[in-house]
Structures are given as C-alpha cells and as structure tokens.
Amino acid sequence: MTTIAELPPGFADKVLSAQSTFRSVMDAMARPGSVQRIVPMAGAPGPLMRGTAAIALTLFDHDTPLWLDARMAESSDVVKWLKFHTGAPVVRDASIASFALISDGGALPSLERFALGSSEYPDRSTTVIIQVDSLVSGRSFELRGPGIDGVATLQASIEPFDLFERLHFNEALFPRGIDVVLVADDAVVAIPRTTRVVSMGS
Amino acid sequence: MYVAVKGGERAIENAHRLLAHKRRGDQRVAEVTLNQISEQLGLAVDRVMSEGSLYDRELAALAIKQARGDLIEAIFLVRAFRATLPRFGTSEPVDTGAMRLQRRVSATFKDIPGGQILGPTFDYTHRLLDPSLAEGFVPETPATAEASTAPTPRVTDILGRDGLIESSPQAEDGASVGDLTREPLNFPAERDLRLQNLARGDEGFLLAMGYSTQRGYGRNHPFVGEIRFGEVEVEFFAEDAGFAVPLGAIELTECQMVNQFKGSATEAPCFTRGYGLTFGQSERKTMSMALVDRALRARELGEEVRAPAQDEEFVMSHSDNVQATGFVEHLKLPHYVDFQSELGLLRKLRQEFAESNTPDAMKEAAE
Amino acid sequence: MNAPAYNFAYLDEQTKRMIRRAILKAIAIPGYQVPFASREMPMPYGWGTGGVQVTAAILGPQDVLKVIDQGSDDTTNAISIRKFFAKTAGVATTTATEEATVIQTRHRIPETALNANQVLVYQVPIPEPLRFLEPRETETRRMHALAEYGLMHVKLYEDIARFGHIATAYAYPVKVNARYVMDPSPTPKFDNPKMDNCPALQLFGAGREKRIYAIPPYTQVVSLDFEDHPFEPYRFNAPCALCGAENSYLDEIVTDDKGGRMFVCSDTDYCEGRQAAGHHGSLSAAPYKEKAQEASNG
C-alpha cells in the first residue's frame, strides 16, 4: 500500500503550472488537430501519463465528477493520487461525469454512456481524455471544422482504431456531444464535437 | 493641431487622491474609528454583513468607512473581498429555536410561551429629532431582569403541532445546499437558491416588492407569526474529529410569516409560510424577504403567477444591488463608438427622410 | 483583521479552474453561452468583470497584455484594467496590437489584423442576442436549443419596413458556425466582418450575466441579413483626419461650438502607427468642416 507521503508529487508551482497547462489545452481545443506540448510536469502514478496528470491537476476538483476506465480504476495509486491532489469524486455512472480518463482505449465504452449535455445546456457533457500511443506517427487523418484553416492533418497511433468513426455521432447530436482530448506522454490533441475527422489510411 | 486625449492614468491617480482627501473630510475633526462605526452605526454594519454575505463586523465597519457611508459601495467592497476566500465547507444548520433572544414579537397571538420581548426597537418611538443626542449623551442604564429559563418555541412550530401550517420542507439527509455564488443560477430555481438570493438582495428592492404584494400585486394575506432577534451558535462538522465543532455565535433576525391557506379535496387546509433571515438586526429586510419568498412560492403552491413579486426570473435577476449599481453606473463609461454608429445611422435615415419628403413642386423647380 | 492577500492574476485557483472549464466548453460549442459562477470582482459589474475574469483565467507570466476601450488604450477604464493586471499578475503590457498576446477589449476590434498567436477577450454587458425581444432566460434558452431564430428576423424585418434599413448600428447579431445566433458585444457593426474566419481565438465574458462564449479561430461568422437587404458595414465619408486611413472606424470630434467636426481613428494605436510610418491626414490640423468647404470650393 502506498501512503499519501509516498504518492508522486503534484505541480511544483501550482499556479503557474496550471496556467501553462491550461493554455496548451485551450490552444489544442481552439485548434483541433494541432499537437500542443504540456511543459510543466508533475509526478504521474501507474498508468497515468505525464500529460494526463498535468491536465488533471489543472482542471479537476471537487466540482468535477470523474469517471475512470477499468485500467485506471484498478490502480489504487492513480485513484489515491487523483483524490489527494484534485479531490474530484470518482463516479461509476459515466453519464454524470465531467471528465473521463481512458488508459485502455481498446475498452472504451460506448460514447452514448457519457454525458452528452442537453439541447438547453450542451456544455454539461463529459470531456473524454484518452491516452494514446502517439500523436506524431501512425495513420494519417484529415480534420475540418471550426478552429481549422481549411484542413488540418494529424498522424496518430490510437485506440480504439475506429475512434473517429465513432465520433461521427457528434455531427447528428450537435450542439450536444462529446469533446475528446488525446494525450500521448506530454503531447495533447483535442477533437471538440465540431471537428470532422476522415482517415487517410497509413 | 488636434491631439488625441492622453494622460488618463494621471487623471485617475489624482481623482483617487482627491477621493481619499474628501473621505477624510476636515482633518481638524477627529477621525471616525471602526469601533465607533460598529458600536454606534450597528444597523449599517448589520446591513453590510447581510447583503455582503460575510459575517465580520470589523471588515463591514472598514468597508463603511472606506465607502464614505455609501452602504451599497460598502456591500460591494465586502463581496469583492469574500469572492476569493477559500471555502472550507458548509456549517450545520443553525437552530433559531434555541436562539438567545433579545427581541421576539408575534402578531398572531396575544401571548406566546416564553412571552413577547420588545427588546431594542424603534417601534413606538416618537420620531422627533432629539437634540440631546447631538453630543455628550449618556443613556440611562437599561432595565434588567433575571433571564427566563422558559423555552421559547417558534410560533410556527406551535401552529405546526396542530397541523394548522404546512410543515417546513426538510432537506433529504446529505442533500447539498445550493450556492449561487459557486454555481451559475438557472431557472426555475429551487427555494434554497431563492432564499439565498433574497438574503443577499437589496433591502430597498425587497421592501418595494414586498410592499407591492400588500397592495394587491400578488397578495398573500400575511401575518407576522414571529420575528425574533438574538444570538445563535454556529457549528461546523469536522470530518477529522467526527463531530460538530462550535465556531462561535452570530446575531440573526428571523421572520416567519404565516400566509393565506391552501387546501384541496385531498389535502386539509393549512396556512402557508414565508421566510426571512438576515445577519444582525433588520426587521424591515426579513419581513420584506418573507413576503417575497411567499410570493415566489406561487408556482410550487399552484397559484397563478401574475405579479412581479411572484416572478422569480424578474425578482432574482434584479434583486442584487451590486449587480444593479454596476450596470446602471456603467452608463457613465465612454460609449462614443456605439454612439457614433448610431449617429451615422440616424443621419442617413434623416437624409433619406428629407429626400423622400421634398415636395414635388420643389423637386421640379430644382430640376 | 483578515488582511487581504491575493493570488496571481487576482482570482483564486478554484475560480480559475471553473472558468477554464467553461472556456473549453465555450470553444467546443462555438457561439453557445456557457453559464459560469461569475465572481464578484474588485471593479463594478458592467465595467468589464466578465472580460477580466476570462483574462485572469488565461493570463500567464509570458503574456503581453493590451487593453482597449472604444478602440483606445488611453480611456480611463482601459487604463484601470491594464493597471489591475500589471499589479496582480506582473505581466508585460503594451499598446501595440501586433505585440500583444492577449487583448481585452470593450466595444471595438483592433484595425490591425489579428494573428494566430493572439486571444481577443471581449467585455460583454448583455450576452443574450434575443434578450430585448424576449426578457425571459427560460424562453431564450429554449429558442437557442431549437435554433428558433424567427423572432430575430422579424425584428430586423420590421426595421426595414419602418426605416428602409436594418436599424441596428452596434451589437449587430451574428450567426456562428451556421448554428448559434450570438451577440458580438456592443461593437459597431463596422467590426463584424473582422470576426469571420479570424486567425485569433475570440473569447467573450459577461460577468454580471454569468456567461462565457467563444468563437474558435477560422470559424464562420455571418451577420444576419436578408437577400434583398444584405448586411452593409458602416462606412465613413471621410478618411481619418490624422493618418488619412480610409478603412478604419472613426470617432467624431466636436472641435468648436459652431458645428465644427473632425473625424479621427478610434483605434489610437493603429492611427499612431500610421502617422509614425509617414501617413498623414489631408485634414490633419484643421477641423473637418473647413476642409470640406475648401474641397468643395476647389
């Protein structure tokens, strides 16, 4: 059993590290497909990547119910670390989660299980953070939508293999929908609900 | 040669220096102390604490001094200070039934268990300016008596035992209380948020809204079941310790209004409630609040919403004097860019109007 | 006494997290107004508290901040807000549009084209474009949910019937990404075209009304109009009297009590930059009226 004292640390400078991390995530969300780097680093226990840990410290707190996939939830270090550093309540019901952390993309549940928001309040939806192998190499994708000057390209190695096909459901749901943040180590790419992604093959 | 206006920074600094000077007033006159404000202008301090949502007499007194006695400005100062304070949690509900009473009156019964206590009140004073207060006034020693040990149950609880008044809604165990300073408000709003909004609301606004219900705009047949003013204990449940820890005592005024009854074929008729609560002593505010709270329960009690005081969007969106004063006063900020746009449009419309209204004869003559 | 001690950029971290989450959702749903638990700021509601909270939530030590009001860096409220951040966040400030990474504005969009490294933060008084047609939040929220914007078109069409034109000169409603009708804040409609396909991220903060909304970069922003009455940006008849610019938004300066007028750029940084680069207004020293007479005489 890891005690609290043995848990990896949070940010060295809470205020400025959170600001810097937020700007990376904000730029990623504003410019879908662009690869942003997360500079400030915190300790990252178990299956939690460095980038994911920084995002958690930046955006999670008592007010953000958090859903963990099985691999995350099985790591008591991850659960303890998140609880200690963010205070976010871990929930079993994905449909009330503000954030979801996915480390095993292959086991990503049906996206309809997350909060999709309502027509009146489409912002009340889950932001799904998925850890992936790479955001610089792998299959090629073309992205279109707000935030993109014409078309953006992304090379990524991700699971689930059909993630972007599954995200097509955002088109019919809009303005409801799911916003996705992909993390590979310190790299982050966001796919908000307005982005249309087409696979160009490998 | 025209040069665009510059030097605003200097102007601002100078204005603030002048303000500081005016605030101090004639320096041959002794400076007012926070204790003097707190002790001698206590009701102003109470209002600033209530509408500022922060129970701290010293800070409220400081705010009043800084605001040159402008209470809305003082409330604003306290609110701005409060906004960034860390929040540790929610206190246990205070028990106003166990209040150490300084004043307690009921209009619904001649006598009540524990008795009516007049306490410090302007009621029945003759509003004659009193020159003896101008300087050097030493008040008589107040009359004292042995504190009664008789319980002083709330009048509404007495009515409630016979089922004559609706029971006060009880929150479910563990249900969190809404806080509109932490969660964005959306409509329809539940009563916890409505009461919070009213407790922070402007006394003058609530007075006018409450008054309007008495004059027929959403009439609800109010009786003052009870007004009580005194001290209650505040406790905080400490998770580490596993029990409630006393934090101290605060002064509160509570008004329980007994209102027009409801009932149906399936439900025995009973009186309904309106509730008001403030920090310190403020009967005008708590009574107004109770009238408006009852009016805002129209939807819940199946009454037709017809009057402004019954309209929660109208009341809740306009009750806050810090919001209201900011937006009204922002009209003095420069708006010349928009005004220019409007001016250009108006000139164009007037030109077109003039052209289309030129008498034909003149047109022909011109040609 | 509890002496006040304030965090970097004034707001506490919990508040910043809450605002940051709202900003991310605002970007993900362009033009949709995200409710947020706006805090009481140390300046009055209606004086830029929404913009200030957004700026405080995004600002970092590496940023260079510009604050304008009515297009000018020197108006009192712009100075006050710039000083607030210089004091609470210690950030560098500038008046030069191209040097700024974050620009907070009230009522104008700078004339200098914005770039992809910039964020434009608008101060918004009434974020709801439908508010003056329907005062109830429950109703306007339903209209947005159903994209039911007929009421707005009726209003604009009534203007045309009455005045021959759409009689909205500022806060002219736009449709963002072909979905949400949005209030651009009370900027003159002259500025509306700058919002369309803009490389910079545009964030809107309404403090008193507790709403944040956004236009991501390169997003379609269309001013509402009709086929037979297309949107026309406001045009001036004269160039800037100081720098000669022909395509900037102008302030009207009353020069005397005999009807003398001159027109100068509202964007003071743009105007000064042009003058420094050698551009001069044909009327640089004289009131507009006299010069206009000379022109017609000559």
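Which chain is which? They are A, B and C, in the order written, and residues in each are numbered from 1.
Note that a contact is a pair of C-beta atoms (placed from the backbone, for glycine too) under 8 Å apart; a residue touches a chain by one contact, two chains touch by 3 or more.
Small disclaimer: the values here were computed from a predicted structure and weren't measured.
Ranked by how far their CA centres sit from the centre of chain B, the chains are topped by A. Among the pairs B-C and A-C, the greater number of C-beta contacts is found at B-C.
Averaging Cα coordinates per chain places chain A and chain B 43 Å apart. In this assembly, the C-alpha centroid of chain A lies 32 Å from the C-alpha centroid of chain C. In chain A, the residues that reach two or more other chains under the touch definition are 63, 121. In chain C, the residues that reach two or more other chains under the touch definition are 7, 14, 35. For chain B, the set of residues that touch two or more other chains comprises 182, 186. Those residues of chain C that touch chain A in the shared complex are 7-9, 13-14, 16-18, 20-30, 32, 34-35, 57-61, 116, 141-142, 144-146, 177, 179-180, 199, 201, 214-220. Listing the residues of chain A that touch chain C in their complex gives 14-16, 18-20, 22-23, 25-26, 29-31, 58-61, 63-64, 98, 118-123, 125, 127, 146-150, 174-175, 177, 179, 192-194. Residue ranges of chain B in contact with chain C, taken from their complex: 1-2, 4-9, 11-12, 56, 58-59, 62, 76, 79-87, 180-188, 313, 317, 322-323, 325-330, 333-338, 340-345, 348-349, 352. Interface of chain C with chain B (complex): residues 1-2, 4, 6-7, 10-12, 14-15, 35-42, 44-47, 49, 69-72, 74-80, 83, 106-108, 125, 135-138, 163-165, 167, 169-171, 186-190, 208, 210, 234, 236, 241-242, 249-253, 255, 262, 264, 266, 268, 271, 284-285.
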